[in-house]
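Chain IDs A, B, C and D follow the sequence of writing; residue 1 opens each chain.
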Amino acid sequence: MTTDHAKGRTAWYVPDAYIPPHSSGELESHESICVLNCMEEDASIAITVYFEDRDPIEHIEVTVPARRTRHIRTSSLAKDGQTIPVGVPYAFSLESSVPIVVQYSRLDATQPANALMTAIGYFG
Amino acid sequence: MTTDHAKGRTAWYVPDAYIPPHSSGELESHESICVLNCMEEDASIAITVYFEDRDPIEHIEVTVPARRTRHIRTSSLAKDGQTIPVGVPYAFSLESSVPIVVQYSRLDATQPANALMTAIGYFG
Amino acid sequence: MTTDHAKGRTAWYVPDAYIPPHSSGELESHESICVLNCMEEDASIAITVYFEDRDPIEHIEVTVPARRTRHIRTSSLAKDGQTIPVGVPYAFSLESSVPIVVQYSRLDATQPANALMTAIGYFG
Amino acid sequence: MTTDHAKGRTAWYVPDAYIPPHSSGELESHESICVLNCMEEDASIAITVYFEDRDPIEHIEVTVPARRTRHIRTSSLAKDGQTIPVGVPYAFSLESSVPIVVQYSRLDATQPANALMTAIGYFG
């Protein structure tokens, strides 16, 4: 048996995010923030987006229900009409009300032959 | 010399899993859950599969013998006739009777030119 | 609420670095050292580059402003006229004045169909 | 300033290793075990290779000099005439005399369009 604390962390960080501006071939370029919530309680999550040359977009709110996963497309994130621009290097953090696990993946379909990368985030 | 505890953990989590529905070219799209058991004892492992919109499939049982590795195809996992559907975002956790190390890899052969991604899981 | 320590570490290590010597197609082969600084203070960072067959290039200095990310092209790093040669296996470490998070990514465009890899660094 | 302990660990584990049997196009399929030794002392390393269906190959010895990196091709590893067969799933561990950092990368050039994956190992 594992403790609840063992099932995740409440703060996560991913430095290398980027929405590829182009797609070709069968699939569309995109990124996913994949969250796993193994707890018996819904996770209220605040995402902060960091840029190279301007202030962060803070506290974009998402929910992941108890005992569910969500693979969140970064292009769907919005706050007060602000979205993440394509073709711009950025980074993000998540703070959650309950322990979660976070993995970031990117599909780059700039060429018809797609490329994939993934990483479990850094946890605080 | 390292302690037994140092040779792995008993709880692992991977948020971004997905069986690509299509293959083309020479190789077949697939995912592997790669387990390393460095211990002198067999590992009895229970895999739980989490979805976005329905209850988890719990406690799919697999064994990895002492001092062996197993690269488990996710399409081979089944419990009470339930298998993991292709083309659906999911996540999974593993609980093991002895310390193990877990790495997840995906080969996407949607295009003839394949794409690879891998990550060591998060451990509790 | 998380403590400041939770927002990163001051020492990071990446063993597998390599600037691909060739590019073809639409994108250019490159590597990025992606740094996220969530702190309220600028990060003064010293990068040390390790080789297989000669002494390291020590203390290449970069700055990442408070509450910003920077995706640093490795080909832009220089010290006393020394740069990182293409086509040579190397590794690097970072030491920072404040906690940061570091992720390393490579785009290999040797073929017109590009390949991607990424990893969160090891932290000391 | 970081402590020596912060510069690495003495035990590392990688569950997903595999030498692709085929290559086509410009590059050759291969794997690298990338070691970074930031210490002032040479690292004496013992690699153990684990299989799915037979006993491990134990204590393949390699050295990484002080303040150097080495990107070791897995196809070069040998002990008593035994080498790692191509096209076979395997895993490996490293034990080192001094703290090191270990990253594993694979280039799959089965198709002319290559694919890349990488992960920092699990450390004990």
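We take it that contacts are C-beta pairs under 8 Å (C-beta built on N, C-alpha and C of every residue); 3 or more make two chains touch, one makes a residue touch a chain.
Which chain is which protein? Per UniProt: A, B, C, D = Sensory rhodopsin transducer.
Just so it is clear, the model here is predicted, and its values are computed rather than measured.
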For copies chain C (Sensory rhodopsin transducer) and chain D (Sensory rhodopsin transducer), the superposing rotation on Cα atoms, rounded to the nearest 5 degrees, equals 90
Is it true that over half of the residue numbers where chain B (Sensory rhodopsin transducer) touches chain D (Sensory rhodopsin transducer) are used by both copies, so same, or is it different? different
Chain whose Cα centroid lies at the greatest distance from that of chain B (Sensory rhodopsin transducer): C
Chain centres from averaged Cα atoms put chain A (Sensory rhodopsin transducer) and chain C (Sensory rhodopsin transducer) apart, in whole Å, by 21
Contacts with 2+ other chains: residues of chain A (Sensory rhodopsin transducer): 112-113, 115-120
Residues of chain A (Sensory rhodopsin transducer) that touch chain C (Sensory rhodopsin transducer) when the two form their complex: 10-11, 13-16, 18, 22, 50-53, 55-56, 89-91, 93, 95, 106, 108, 110-113, 115-122, 124
Chain A (Sensory rhodopsin transducer) partner contacts - residues on chain C (Sensory rhodopsin transducer) that touch it in the complex: 2-3, 5-8, 25-27, 32, 34-36, 38, 67-71, 101-103, 105, 107, 112-120, 123
